[in-house]
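Chain lettering (A, B, C, D and E) follows the sequence in which the chains are written, and residue indices restart at 1 in each chain.
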Amino acid sequence: MAAITLKDIRKSYAGNEVIHGISIDIPDGEFVVIVGPSGCGKSTLLRMVAGLEEITSGTLEIGGRVVNDLEPRQRDIAMVFQNYALYPHMSVRENMAYGLKISKLPKPEIEARVARAADMLELQPYLDRKPRALSGGQRQRVAMGRALVRDPAALLLDEPLSNLDAKLRVQMRLEIKDMHLRTGQTTLYVTHDQVEAMTLADRLIVMNKGIAEQIATPLEVYERPASEFVAGFIGSPAMNILTVECRDGGALLPGGHPLALAGLPAAGQVRLGLRPEDLHPAQPGADTIPVELRSVEHLGADAFGYGTIAGSEMPLVLRLPGSTRAQRGERIDLRPDPAQIHLFDPADGRRMTARTQK
Amino acid sequence: MRRTVFPHKLLPWLLLAPQLAITLIFFYWPAAQAFRQSMLREDAFGLKTTFVGLANFRKVLADPAYLNALQVTVLFSALVAFFAMGIALFLAVQAEKVIRGKGFYRTLMIWPYAVAPAVAGMLWLFMFNPSFGTLAWPLRQMGVNWNPLLNSTHAMILVVAAAVWKQISYNFLFFVAGLQAIPRSLIEAAAIDGASRRHAFWTIVFPLLTPTTFFLLVVNTVYALFDTFGIIHAVTGGGPGKATETLVYKVYNDGFVNLIMGDSAAQSVILMVIVILLTAFQFRYIERRVHYG
Amino acid sequence: KTDISWWHAMSGANAEVVAKIAADFNASQSDYEVKPVFKGTYPETLNAGIAAFRAGQAPDIIQVFDVGTGVMMGAQGAIKPVAEVLKEGGYSFDKSQYLAGIVGYYSTPAGEMLSFPYNSSSPVLYYNKDIFQKAGLNPDQPPKTWAETWAAARKIKESGAATCGYTSTWLTWIHTENFAAWNNVSWATNENGLAGTPELKIDSPLFVKHFQELADLAKEGVFVYGGRTSEAKQNFTSGECGILTESSGGLGDIVKSGINYGIGQLPYDETAASAPQNTTPGGASLWVMAGKSDEVYKGVAAFFNYLSQTPVQQYLHEQSGYLPVTIAAYEATKASGFYEKNPAREVPILQMSGKAPTENSKGVRAPNLPQLRDIQNEEYEKMLSGQQDAATALKNAATRGNAAIKDAVGG
Amino acid sequence: MAEASPFAARGAGRLVAHFWMILGVIVVAFPVYYVFIASTHTTQTILRPPLPLLPGPEAVRNYQDAFSGGISKIGGVSLWRLLANTTIVAMGIALGKIAISMASAYAIVFFRFPLRMACFWLIFITLMLPVEVRIQPTYKVMVDLGLIDTYPGLILPLIASATATLLFRQFFMTIPDELLEAARVDGAGPWRFFKDILWPLSLTNVAAIFVIQFIYGWTQYLWPLLVTNSNEMNTIVIALKKMISFADADTPWNLVMVTSVLAILPPILVVVLMQRWFVKGLVETEK
Amino acid sequence: MAAITLKDIRKSYAGNEVIHGISIDIPDGEFVVIVGPSGCGKSTLLRMVAGLEEITSGTLEIGGRVVNDLEPRQRDIAMVFQNYALYPHMSVRENMAYGLKISKLPKPEIEARVARAADMLELQPYLDRKPRALSGGQRQRVAMGRALVRDPAALLLDEPLSNLDAKLRVQMRLEIKDMHLRTGQTTLYVTHDQVEAMTLADRLIVMNKGIAEQIATPLEVYERPASEFVAGFIGSPAMNILTVECRDGGALLPGGHPLALAGLPAAGQVRLGLRPEDLHPAQPGADTIPVELRSVEHLGADAFGYGTIAGSEMPLVLRLPGSTRAQRGERIDLRPDPAQIHLFDPADGRRMTARTQK
């Protein structure tokens, strides 16, 4: 088990920098989730920690040692690859046992561990198949299993659940959390899934174009996103962000609609962030936003409404109860919760005010 | 086995046609002739021909020299295939390890292949003649009583070395191509799994290389069995005694030099059978261990 | 114009000679055009000829090496005797105008010449005068007998003048076939096979004695084995060995190497009653294939006739080191003073035609001479590496050889 | 962009690899170097071994001699003609082999049809018999087909080998199913799939086969010797062999060596030119 | 454009049946989503429609023609593969243009279409890269693009969005929906994502072990799952399903707790399904279920509570508002909505009662 420290880590491909200096201290046992848009460098960062990608500059320490120049196997890590990377010539069982065999574990111990992992991943029926004869999700589970059976100081996972079905994903997510609690392994986890990010992470790294926009606990990221980018990225549906002109005690919305809202600066332009779930249907008033519904998506428990601020083309997403009967073309008035507004600097997108604590 | 294939029925035949035609004309027809000839006893010019049934086979199989040639062949082929592939694989892996100079090494490695066997024989004679060979001389200086003309072991070493030398280039090229086809992520996965380079090589890279290795095994077996005859011919002429007389050299020598047509034909038929069995064995039992991705 | 194809195995400078002779012949008349084609080594050329014959595409003339003679003679119907070709072509063929030793070798027992001796050679002794000097030997007096040769070789080695006293090319041709002829002992029954199926006699006492001496010398390191054919020449030209027995055709290399060499007759065994007798030719001859048109045969006859002409023979002899085949050519060369300048060139001729050949010295013939030579080489090599003594080696060689002969004649 | 191979070593490992490569290259390429060295010495030096290990003073003269007459004609045929013949034969063999063996491997791997395995075997057995032991009947076939002294005669029998077919079969079997599937969905038939997907992915192997077969064709000796009766159809190796005579005093060894160097150069040139395909082929891809 | 009809489609691998007879009529222009656990045969089914997998038995019609024996290219379809299947030697541009080039579209048209797709997929900066130099998500977008540029009668997609980040996924999902509305292509879409399944589908096929458990509109599947399997599979977190003993006017819960609930049979055992969002915190009473909270997961807008029915080990999942302050170890009483209960036959898991319409 080991702490991981990144100091100004950078990566260039042929002179083209894709990671622009990331620093973070990950104490022993922490579960850190990396999220960010596709191509922002998540996998690259993970691969540098794993030792698969040379670090262009900066220092990487694992367990207090600088490991920049160490081979992956000298770093005592396990990793789950985004594209599985299963050994095609080995059966599922052999794939999982491979790392254990290398570390010369006794046979029965290996078997026990493989059996346990296979159980957890519902892979028993496939243990003797070759990866080629497995479905996509089955392959991904084998890739998971290969990391799970080992007991490394640090565990690196690159979108390990992305090909699993919802039910299995929930189950696996809980398993991973559970396992982490049991083993206390330092874990770096890349995902696209908000639920995974929010529920698994001790801390989140939100990356954008090779930069860490925010490093904080999930709730903090959700409740106090450090930038417009983070605000837009975390939360589904995404936060609505409008450019508004502040006036005393309120703001002028796009479409010229005035809104009474506390907590805004006295004057000037700001970017106002409002999460869909913080917009509550209400009687029309000075403190409500009139919205024309364009479409409603029913998800079962919830529904999402997509609309525009009346009299403008400014889109707004709302979250409605699953039982809503709201229809396309209807008009709804929404009252933003003044305690739940986010303000960003229109110039650089950084957060302006502290969000009021709940 | 492929999961998906094209459903055409006629097209594959068209695709196969040229190869089949050439094979039938230039292989099966001559082979049938050889088979016919193996039942005959005739003079070189085919003027007097008697049908003798299996007598040629009986004679050949009863000949202790034939058994000797068989033993020599097994030893020789095994050594050649093993070293030619082993060294080439080793060098191919080394070549992948370096970052600069890869192309340079690759170019130089293929050179021996560019030397015509006719010239190669001359070179090996020049280099390893016990008295004046450029390379035999240092051997002698080192106290090795180098004498492939009379010492069977030395002779075997010499022909094996020459045969291996000619074939390394070939194997090297294909191993390089094979190594490049191995998905990067698998090597990475092995590194993560804690495998040392050596271990990863034997447990991941080597198994994934098996299509190439298997191809080369077949090709090298055939090479060692057949194509090395020119080298043996030039370097030792089968000697000393019969120490380096392989089956093919014997077929050649009996048929080509000694003009004993029936024997030679019988031997080539036996040889064909041996090699067909060997290849069948390779495809049946060894190819099972080959992993096609 | 009638084309006449001539397949040959001449490489290097000899190939140039072939080209020139053909070109000159073509220029000398306008009816025929001789087209020489290089077909590889001797065995390769013979095989090409055989394959072509079987496919009905045989060349008109083919050059066949000495050991292939037996095969060609056995192939009645595939070949047309040269004597016949010449006669039908309107040329008188007078055997007496040719060197007897050579013509005898390429003739039937009845005396009909079957092939045209294009290039013939004979083994001689070369020695390194500087080494002789250093070893305290007389550099102007080559050893005449094998005993003298062994003594000189030992002296060379012992004195440190060279690391190797003696070496030899072609143990089969020189130490077996020519040894028999030169010492007038039988190589095989039936006039060494010229008169019928031979039975090898090479395990007779004189051979055994001779080879045991060789084996002993090899053990002492005085004799160095160079290989089955002419490889040993290099041991001599490199200055490693003081004495070499080798074909007269090897002279050029020795001249080129720049060493200070001398030439002597092939040594003989002084215990042999009528030694030295005469040596037998090596090299190759030209065979005419059967089944061609009269036109072609006429052309071939004209060509052979041209080849026999003195200036052509002289040119061939002086250029290539092979022997002239007509007495007239020999005389003309002698008259030109060539031998005074190159005394060594006369040695093989004198050796070969010094005495009328006996039944032991007309040459050797077997349907499978290459195979017999293989067998001998194998046994000799075993002997030289100390695995068996000379008696065993020769016994084995004879027994195996005789079995092979029996096989070959279809026993 | 060629990125570092996944096998690339770090630090000392890389040096060790260089060491082995240099050693390997020395051992493997030495004889060729030897020919080159010999081509820069006089015949006398060549014949009085051991040969020096460094180029001699005669280089310029030998090469001048060679071009100003020595070897401009061998056996009455100009060097250019010989080189042209050899090039035609080598190219014919290399391209022919690639064409017919790719076609047959393609049929065997990407189609299912009756007797597929039988065809497979029928072809593979041809691995087993080299020209030397079937020369007579083959020659007869050549005569019957009127192929003596023709380029097809020189080329055809030598493209009947199964090695290339075997290689392509092996390689094709490693092509992931998904690629074929994607191409089929994209509307590619067998020809398009071959041309657009399989061929580019096979380039490394094609390049390897091409080099190997080109050289194989280039260095052929026995077969061209047999099927050519006219000197005009000779290849460089036959001509070279004609120059070489161990038993002959007048063999101009220095010129032989120069000719050998010239005979070796074109294949080496081919290797160098094909080099980039080796790099290009698969390095950028992850199948 | 074409209707797709499956009649008792079956598939065996080496005698081992993995698809056990699926029949469905897909009218021209319908968007059908296939969901189901990993390994249930979704990809296999799709591949049979595509013509990549031989149909073991049954008939498949596209546009009224039986196409069982037609080549994929004769079926006029496009497909996005689960593992991308990009041509490794072609640039992104070439990958996308390939199908168009084959169908001999004029060059400018090809370029225009590729540019449009690249725009939509945010792939312009990568058009000249080889797939190898792309991140996982970028590759998947290329795979999407390859299908989008074409204009096939039917579009088949196998988890096309699984490697995209949340934001892009939402965007892509809307794009796909939009595109479908524009083009009206018959679409078969395999996914693991509930949101995709619910929002995209005109109809859902819920598969389980090679069988279509239910074929219906998303809302119907959500509100009236045809079997316990469907109920458990659709909805996240999954529906709670308890075995209860019915008695007059109520049921005996695990742990012996009596619950007053309308709509149950008079007697006998049933499986009672309760969605997490249908359990509302309430004052303890005869109609509430007492639950001990074991853990709470905060997702931002929502939180999930994991607990057990007091006095038993029966797990129960609840959905709580994101702002909940409920803690591990707390006890909550929940009132099930009697209008929103689901009953399944304990013997075969089939739905027993019609769910009351809202």
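Please note the rule applied: a residue touches a chain if its C-beta (ideal position, glycine included) is under 8 Å from a C-beta of that chain, and two chains touch if they have at least 3 such contacts.
Everything quoted here is computed from the prediction, not taken from an experiment.
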Which of D-E and B-D has more C-beta contact pairs: B-D
From chain A, the most remote chain by mean C-alpha position: C
Centroid spacing, where centroids are CA-atom means, of chain C and chain E in whole angstrom: 93
Length of the line joining the C-alpha centres of chain D and chain E, rounded to whole Å: 57
Separation of mean Cα positions, chain D and chain C [Å, integer]: 39
Numbers and ranges of chain D residues touching at least 2 other chains: 1, 49, 135-136, 140, 176, 181, 184, 189, 221, 241, 244, 286-287
Residues of chain E engaged with two or more neighbouring chains: 52, 71, 83, 133
Residue numbers of chain B (touch at least two other chains): 3-4, 6, 129, 132, 183, 185, 188, 197, 256, 293
For the chain D and chain B complex, residues of the former touching the latter: 4-9, 13-14, 17-18, 20-21, 24-25, 27-29, 31-32, 34-35, 49-51, 53, 99-101, 103-104, 106-113, 116, 119, 122-130, 132-138, 140-141, 145, 156-157, 159-160, 162-163, 165-167, 170-171, 173-177, 180-181, 184, 189-190, 193, 204-205, 208, 211-212, 215, 218-219, 221, 237, 240-241, 244, 260, 263-264, 267-268, 271-272, 275, 278-279, 281-283, 286-287
Chain B partner contacts - residues on chain C that touch it in the complex: 43-44, 46-47, 50, 53-54, 71, 74-78, 164, 224-228, 231, 234-235, 238, 240, 368, 370-371, 374, 377-379, 381-382, 384-385, 387, 407-408, 410
Chain D residues within the chain C interface of the complex: 43-44, 47-49, 75-76, 135-136, 139-140, 142-144, 148, 221-222, 225-226, 228-231, 234, 238, 241-251
Residues of chain B that touch chain C when the two form their complex: 41, 43-47, 50, 59, 125, 129, 131-132, 149-152, 237-242, 253-254, 256-260
Parts of chain E lying in touch with chain A, wherever the complex brings them together: 13, 35-39, 43, 82-83, 133-138, 141, 159, 162-170, 192-195, 198-199, 218-219, 222, 232-238, 275-277, 297-301, 304, 319, 322-323, 358
